[in-house]
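Two complexes are shown next, each including chain A; its partner changes from chain B in the first to chain C in the second.
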Partner chain A sequence: MSDVSTEAAVQAIVARAEERFQQSRQALFASTDRLMAFLMAGQWVFAVALALMVSPWAWAGKTQTVHPHVWAAVVLGLVLSAMPIALAFLRPGWVVTRHVIAAAQMLWSGLLIHLSGGRIETHFHVFGSLGILAGYRDWRVLATATVVVAGEHFVRGIVWPESIYGIPNPEWWRFLEHAFWVVFAVVFLGFLAKRGKQEMRTLAERGAEIEALAEGEWRKASVLSRAAS
Partner chain B sequence: MSQDAGGGYDTIAYPGPQGEQKTLTKSDFEKLPLMDRIRLLSGGQIRFFRGSQEVAASAAMRR
Partner chain C sequence: MSSSIAVPPPSRRLVSPRVLLAMLVLWAGLVTAGFFALWRYKAASAPVSESGSPAVWPAASGLQPSADRATLVLFAHPKCPCTHASVTELAKLMARLHDRVELRVAIVRPTAVPPDWDDTELVSRATAIPGARVSHDDGGVEAARFGVVASGHVLVFDRGGRRLFSGGITSSRGHEGDSFGLRRIDSLLTVGTADRADAPVFGCAFDEPAKRKEES
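So, the complex of A and B:
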């Protein structure tokens, strides 16, 4: 068996390992995109139901109108969910899809916080969302989510603090406190995402090692059979 | 050669360029770049050991 054919076999096995790794990454991205699409739809239904239950009507004297929260849930919710759902089904696994989903998910946190009147408990949605987004095993997705949620808190904290903190005059640095806890979670989730990615690579390499071992056994058997004949 | 169903190995041995016997611990072997590991495994001359006992490749790779 020539060195050239051995080297060609080695190169082919390594290339197949890389291919297997990329395929499993893509499959994970695509399936997580689809999962997030269902979450986007579910959040929209939940937000509309929440607005209808908590504040369905607004009153101006004796005039009853639909509360702006209901419109916010219906219209903003639709705007936030439409693009991620479309991308998840039309371009699953595409890098842009998961970053759009991450941004939309953080904006969903903002909308739900607004609909609940800035309740601190609704901020838990941010942390739950980060945990779900970690399922992509891609720290860049978490970075996008962090930038969006920090920016959204910063802007709304200036423009309309009641809608995000539930009080009209929070300290100017309140968004930094929220951002700190987000970064705290994201650092560890990012580490776990990196480890998950490494485990996927290890699995692909394990497959290559077994393939190489079989190649080696076949090579050994060929040498023995040539020697015997 | 042991066929222990437990699997795994501690060291590997393989012939060097001058025919001398070289050894690597499992952790050193796993630190090698994939290309080098594949070269060793596909060469057909790698041997696996658990303690001082040689184990079959199929059992060794069942980590």
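So, the complex of A and C:
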């Protein structure tokens, strides 16, 4: 084989590796979007059940009315999940879809914390969600999630600080304490996402090489077959 | 070369980019409005008695103050979901300060309700706090004596019967965690002073809405 044809073959393998990488990445985004759509629906069902279990009624003397938490779970939960679910099925794999899902997932943490009465255990949902979002193997999705958590804390900290810290004038470092654990998780998850992406690329390259070898062998076999006949 | 990895094509024809953008903006607006409404509800404190709580332990009260330490009284509506957070915080507070304060819990029962009306998880949880003395306040007589109109209201009196604190021990409706009230009670019972002797109360009203309207 001449140098020119060797160079062309290498270029073809590189192009094919890139094509395979983009295809598998797109398939990962689309399948993760769909998985997240089911999670969104599941969280809504869970939130409604939680509200009905923990605070079904508001009371004034003997008078009972439907507790606002139930309305929040039904209406706000539905709105929160609706857009990510719609995008996951209308535009699976679209860049906006996964960022909307990341934002919605972190807002779900906030809603569930409220519905559970601020239970410390419910705060674990934030970290569980970051771990799930790392499944996209895209650090930008984790960045969006972090910005949404920080933004929600920032706005609530200004409007209503005692809802986060319990007191109106928390120590200045309290925000950093909350942010630190999220950043701690995101930095390592981001690193793992980057490594996962690199592994996908390596697999795509190996796949392209195997395809090229198989094609070469097939051609050789064809030539030999023709020569024999 | 053929690909073994199937990529589902985006359904671009179903919704145009302009419609999608409008949907996203609408979604963001609705979610923001929803969270603000939720925060507003959670931050709305319960009504307080116009006359306020008495400065000393009411002589006519059937509740017994502690003879050798401070007394903390929680008034609770037995079905109020918000008060679960108050009971959780109270249990933590009592675990820390049980040697400085005795706990009384008054379960406020409206008139003409079945005997098992206040047989609730909240009452069981309050009863389970070590050292708690739980009593039933039929018709809210004791609550009225102490100037309390909403569930989750806590009063702390010193050994001499003087009121040290009156208010709530959660930061918002049914929300566990640190709060003004907890910090102030802790400070009053350990150091003897606090920046204030009150805090907002978050809980269900003892009276019917119609009755409160008539009174006002």
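By our rule, the second predicted complex is superposed on the first by the 182 of 229 C-alpha atoms of A that agree within 3 Å, B and C clash if a C-alpha of one lies under 4 Å from a C-alpha of the other, contacts with A are read in each partner's own complex, and residues count from 1 in each chain.
To be clear about the criterion, contacts are C-beta pairs under 8 Å (C-beta built on N, C-alpha and C of every residue); 3 or more make two chains touch, one makes a residue touch a chain.
As the structure is a computational prediction, the values presented were derived from the model and not from experiment.
A.B. asks: If you stack the two complexes on chain A, which partner ends up touching A:146: first (chain B), second (chain C), both, or neither?
C.D. replies: So A:146 meets neither chain B nor chain C here.
A.B. asks: For A:117, using the defined touch cut-off, is the partner it touches chain B, chain C, both, or neither? Pick first, second, both or neither.
C.D. replies: A:117 sits against chain C, while chain B stays out of touch.
A.B. asks: Please work out whether A:10 is in contact with chain B alone, chain C alone, both, or neither, and reply first, second, both or neither.
C.D. replies: first
A.B. asks: Comparing chain B against chain C, which has contacts with more of the residues in chain A?
C.D. replies: Residues of chain A touched, chain B against chain C: more for C.
A.B. asks: May I ask you to decide whether A:129 touches chain B, chain C, both, or neither, giving the answer as first, second, both or neither?
C.D. replies: neither
A.B. asks: On the A-aligned overlay, A:219 touches which partner chain: chain B = first, chain C = second, or both, or neither?
C.D. replies: first
A.B. asks: Could you say whether A:209 touches chain B, chain C, both of them, or neither, answering first, second, both or neither?
C.D. replies: A:209 sits against chain B, while chain C stays out of touch.
A.B. asks: For A:105, using the defined touch cut-off, is the partner it touches chain B, chain C, both, or neither? Pick first, second, both or neither.
C.D. replies: A:105 sits against neither chain B nor chain C.
A.B. asks: Pick out the shared contact residues on chain A: the ones touching chain B in one complex and chain C in the other.
C.D. replies: In chain A, positions 215 sit in both the chain B and chain C interfaces.
A.B. asks: Of all residues in chain B, which touch chain A in the complex?
C.D. replies: Going by the criterion above, the answer is residues 34-35, 37-39, 41-46, 57-58, 61.
A.B. asks: In the complex of these two chains, what residues of chain C are touching chain A?
C.D. replies: Spelled out, the residues of chain C in touch with chain A are 1, 3, 5-8, 10-12, 14-15, 20, 23-24, 27, 30-31, 34-35, 37-39, 41-43, 77, 79-82, 84-85, 110, 113, 151, 171-172, 174-180, 182-183, 204-209, 211-212.
A.B. asks: So in the complex, which bits of chain A are touching chain B?
C.D. replies: Listed in rising order, the residues are 6, 9-10, 13-14, 17, 205, 208-210, 212-213, 215-220, 223.
A.B. asks: Touching chain C in the complex: which residues of chain A?
C.D. replies: 16, 19-20, 23-24, 26-27, 30, 54-64, 67-69, 72, 75-76, 79-80, 82-83, 86, 89-94, 96, 100, 104, 107, 110-111, 114, 117-120, 152, 156, 159-160, 162-163, 165-168, 211, 215
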